Amino acid sequence: MRKFALLSALLAAAALPTVQAQTKLTPIRLQLKWFPQAQFAGFFVAQAKGYFKAEGLDVTLLPIGDQSPIQTVATGAADFGTTWITDLLTARQQGLPVVHIAQIFQKSGFTLVSLKASNIAKPADFKGKRVGVWPSGNEYPAIALLKKYNLTTSLDSTVASPSVQAVTYPFDPSIVFPDKVDLVSAMTYNEVDQIAGLGYSLDKLRIFRASDYGINLLEDLMFTSQKTLDDKDFKGSGLSGKEIAARLVRASLKGWNYAVKNQAEAVNIVLPLCGNTCKGSGTRADAKAHQTWQMAEVAKLYNAGATLQGKAGYLDPAAYKSNVALLKGVGLLKADPAAGAVDYSVWEAATKK
Amino acid sequence: MTHSLLPTSHSPPHSGPPIVSVRDLGMIFPVPGGQTVALQDANLEIMPGEFISLIGPSGCGKTTLLRLMADLISPTSGQLTVNGGTPRQAREARSYGYVFQAPALMEWRNVLGNVRLPLDVMNTPKDSRAARAREMLRLVGLEKFERSYPWQLSGGMQQRVSIARALAPGPALLFMDEPFGALDEITRENLNLELLRLWRETGKTVVFVTHSISEAVFLSSRVVVMTARPGKIEGIVNIDLPQPRGEESREDPRFFQYATEIRELLRRGHE
Amino acid sequence: MSEGGSGKWVVGSGNGQGRVQGMTTLPASTPRRVRRPSNLLPMLAVAVFAALIYWPVMLFANQGAAQKALDSGADLGCKTALACATQLRNPVIPAPGQFWVGMRSLSAQPFSATAAPYNALVTGGETLLGLGLAVVVGLALATLLVRSRSFERATLPWLVASQTVPVVALAPMLAVLLGQAGVQGFLPKALIAAYIAFFPVTIGMAQGLRSPDPLQRDLMQTYRASGPQTFLLLQLPASLPYLFTSLKVAATAALVGSIVAEISTISFSGLGKMLAENSRASDTVALWVIMVYGAALGIALVALIGLLERAVTRWRPVA
Amino acid sequence: MSLERPVPRLAGAWGALGLSGLGLAGLSLLLARQEAPAQLGPAQPGLWLVGITALLLLGAVGIRQSAQGEGHPARTVPAAATLILLVLAAEAALRAYAVPTGLIPTPSKVLEALWAARTVLWRDALTTFVYEALLGFVIGTLLGLGLALLSVRLRFLERGLLPYAALLSSVPIVALAPVVIKAVGLGVASKTIIVAVTVLFPVLINAVRGLHSAQSMHLDLMHSYAASAAQTFRDVRWPSALPFVFTALRVAAPLSLINAIVAEFFGTEGRGLGFRIQIEVGKFGLDVVWAAIVVASVLGISFYLVISLIERRILPGRR
């Protein structure tokens, strides 16, 4: 009797995986580019609303500081990631097999901010000024913008007497602005509001949006490793890596669409997840207000370009081409990336378009 | 480890085969730019139950001779037997106890633990170790200090602990290398008396290295006088003072004769 | 603060270091056992003095910043630089009131994920784990160094060199590589702390394992003690005081290591993560609060090692 | 402790070392063709790895043999051979696994980058080492010594201030970097200050300890000569303090460079090794990053050796 019970238990255990394959969630680690905040609202919403689960995915969202998510994905510490396009293309140039699968933000949110009082009216006026940039790969929009106006920086080690003095600092604008630099790097959705919080209301500031000057280096995108895409049976789920990627993109875009439509609700979902990064600074040091600002600004970056043509998540080939040209122009890319850098099939499978 | 420590009939010297036999023993140390003859053509036989002192100036090879017997170093020439075998066999049979110039106690063990150390190393039955160590402490009169740590004891007391430690495994042979050299005169004389009593009561063979002529005469049955450069045995003096010896032995006229004889030998070697 | 009355046998005197010429500080032997008067009163006086000059120093530091901000047209909610000096939202040095408010808000719910005490505990745990790993590695390396001259000659220069590598630069890469091997979360940070701590521990242990005097070694030889017996009964206990001295040095360095690792790797908690977050949010007051917690943590770690030392090396005379 | 064969067997050692080195170099060259992979993971990494391990073991045997004896080669060959073999093995292993440069560069790539970026790295090293580390080191040492002398003269200061210094020395100073940079600016000066502060405390504590380490017998001797306080200081106190001071300096030397690099992570004006590392990490130019680390490491070791050399000059016969 006992023996029989054991046998049947073993049989049941052996049968289990095939039965469960449909119901068991596939664990996925998605590496975000920063600490949790409304910048990633779409993913948090997809998580909270169960969009990932509905696709059979059990997603863990990983935060990161000022490092590149590329390395965590390339080494398999995470399965998917979000990052900026500059990061992705330079990584590929150095032999890291990472692949673009979806473009979340269709427009660059990078700006350089100065005080109106400092009389910098146009990029040509940047000459001889001090510009604050973020190192670790976040400095290229600024460099590209300067380059466009034939300005050189001290970041380029081949230039003997640069026309702009660049300083590096770790993201917090209050370290350098306004006393130590004339222009400071700021994302529309984050640092601009932080600067406002320092006591400089928007009417005292002049904001140079990189995208207004044709420097539209694309930011938050989704990517994965070639290995994941080639995987025939992703983590024993019975599904190919490509299929998993498509499901992840589909759920994420659903989350994003919901977040930009229901911004207040999205902010409420984000708020409990972010620790000390949620708050703005200075007089605007209020988490909710800052994240509301951020959500609104992020929505503008999402609702642009391809999204407006009903193709959310699509990397517009023309935008991509101009990005590559820009990066080659500043010497960051030595040649055109191989065709495998972007895999449109994932987005097509995700949106059935 | 079968040797009893309890008082036995004190076996008379010169009976049976020698416990230590030294034949044409030589020891050469390499030094930068040459070599030093630490010991040359040493010959000596030590009988069971004897108390032998090795005396001589610094560099005469007396410590070297003792360390050779204990197999702490190996000779470059000659033969040496201890307990009927090679020194190595004697050491591996754990058949001698060694008392150093300094107490060399383990600072992290208390007095009892220090005396127990050889028993721990030699893996004697666990339950008897503490009792054995206490017995040894009683023998050296330190039973009240078993819980103290070394730093809490005076130099003399520390050296007594180290003697108790050497006795703990019950060896028949005791090597002592200037054990009282660093102590003051009063302590030293007290410990001399105590050592004689231990020797009498336990019937051990003692090989004792010293600088002091009076200590050598007072303690020994024979004194081996050594001289330096090269280190060699200059002569051997039989000390025929009556046993048991006590303070009064130092007043004995023969005591002075022996001392003078040794001094003469030392001087001769010096010239 | 001396290692007073450590007994004659702790021979490290700041210079004699045997074969291993370490970079670590050594147990200083200050053999005087004189009872010195309590430091309490002078310390108190210095504390009072520091408290008294805090206010003017703070005013001076912040007034400059406030003046610059006002000059550039910032709306700070106050009119003069002096008035602003005590209420800047991101002051150079926080006013006592500001500090207190920041302290309370970061400590109010001590075990919430954003509170400083909780994160200090996480960092402390990482550091302790790192120190534990460092002791294991240090003991193994020290044993090899002491046992084999070939090993010492082949590796010692590179062990020294390992301490000149800026680990901070390596930390992110190290964490990524460990992540690939499935090591994530708590452990990578502990490993980075261990990388920093292993060297002083190794050198201290090597010194300690060599510290028994020749007579003690001879003694063990007369017992025909085996290698492991000599190691366990003589060398290991003799090395313990050296171990703790080097651990105290290593603790601070390891703490820096785990904080840096938290800043520069994927981290869900820890003082380093708080430091990074609050620095992004321009919250200087929070930075000061975290610094104070970091300082307290460093002091607590050293004190903890001191306690452990007293418990383990009970044979040593009390200073 | 270790019973090593007294007969030097250098001839056999050269054979094993040469064979192992040539084998590893050959493997690397063979693997060089296997560059630019489509994905991580080699064709037959296991097989290559077995070969590399076997050659390393052979090399280890050679190193062991070459370390016998007391000759000059026996003291220098093992360390050099260890480095060369490990570098070659890393080269071969990284190529066997086809690890991309963006993750871990091969040693040959690092060497290439070292050469290609030599002028930039030279300028960065000048900034970080000379203006930040060295200057901060000198300032911190002088301040530490000054404070030590002052507090030894004024007992009250010693008893009131020194306990705090000892506490502060267990504070992670990196936490200070953002605040100092905010107050002082992004230029070189802020880094110099941070380095100086990190050097100051160990020097102060060790110097005070050293000044108290004079033997009372020596002091009594000076007293018996009716020597003045200055004479006693010059002939007894100061010489006995020096070994302690140098211990602190030797530890602080490489640390000052590392701290300068850490501080640069919190803001620069576009110069320095820390800045270079950050910029290159952003481009996945890890070959340049490692080149910068190599430069920092070499500078750190040299700094350490120079301090040791000065120590040996000033304290002849004491080591």
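Residue numbering begins at 1 within each chain, and the chains themselves are lettered A, B, C and D in the order written.
The rule is simple: a residue touches a chain if its C-beta (ideal position, glycine included) is under 8 Å from a C-beta of that chain, and two chains touch if they have at least 3 such contacts.
Keep in mind that this is a model prediction, so the values were computed, not measured.
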Greatest separation from chain A - chain, by CA centre: B
Approximate Å spacing (C-alpha centroids) for the pair chain A, chain B: 83
Chain B and chain C, separation of their C-alpha mean positions in angstrom: 51
Inter-centroid spacing, chain D versus chain A (mean Cα positions, whole Å): 38
Per-residue overlap in chain C, given as positions that touch at least 2 other chains: 172-173, 176-177, 279, 284
Touching two or more other chains - residue numbers and ranges from chain D: 103, 178, 182, 265, 281, 286
Where chain B touches two or more other chains, by residue: none
Graph class of chain-chain contacts, one of line, ring, star, complete, other: other
Interchain pairs in contact, sorted by label: A-C, A-D, B-C, C-D
Of chain C, residues touching chain B in the complex: 7-9, 213, 215-216, 218-225, 229, 233-234, 237-238, 240, 313, 315-317
Of all residues in chain A, those that touch chain C in their complex: 31, 35, 62-67, 71-72, 75-78, 115, 117, 170-174, 178-179, 194, 197-201, 204, 275-283, 285
Parts of chain D lying in touch with chain A, wherever the complex brings them together: 36-41, 100-103, 117, 119-120, 178, 181-182, 185-186, 265-271, 275, 278-279, 281-286
Parts of chain A lying in touch with chain D, wherever the complex brings them together: 67-68, 70-71, 74-75, 87, 90-91, 93-97, 135-139, 153-155, 157, 165-170, 172, 174-176, 180, 225-227, 230, 332
Contacting residues of chain D [partner chain C, same complex]: 1-2, 4, 63-64, 67-68, 74-75, 78-79, 81-83, 103-104, 156-157, 159-164, 166-176, 178-179, 182-183, 202, 205-206, 209-210, 212-213, 216, 243-244, 246-248, 250-251, 254, 257-258, 261-262, 265, 273-274, 277, 281, 286, 289, 292-293, 296-297, 299-301, 304, 308, 315, 318-319
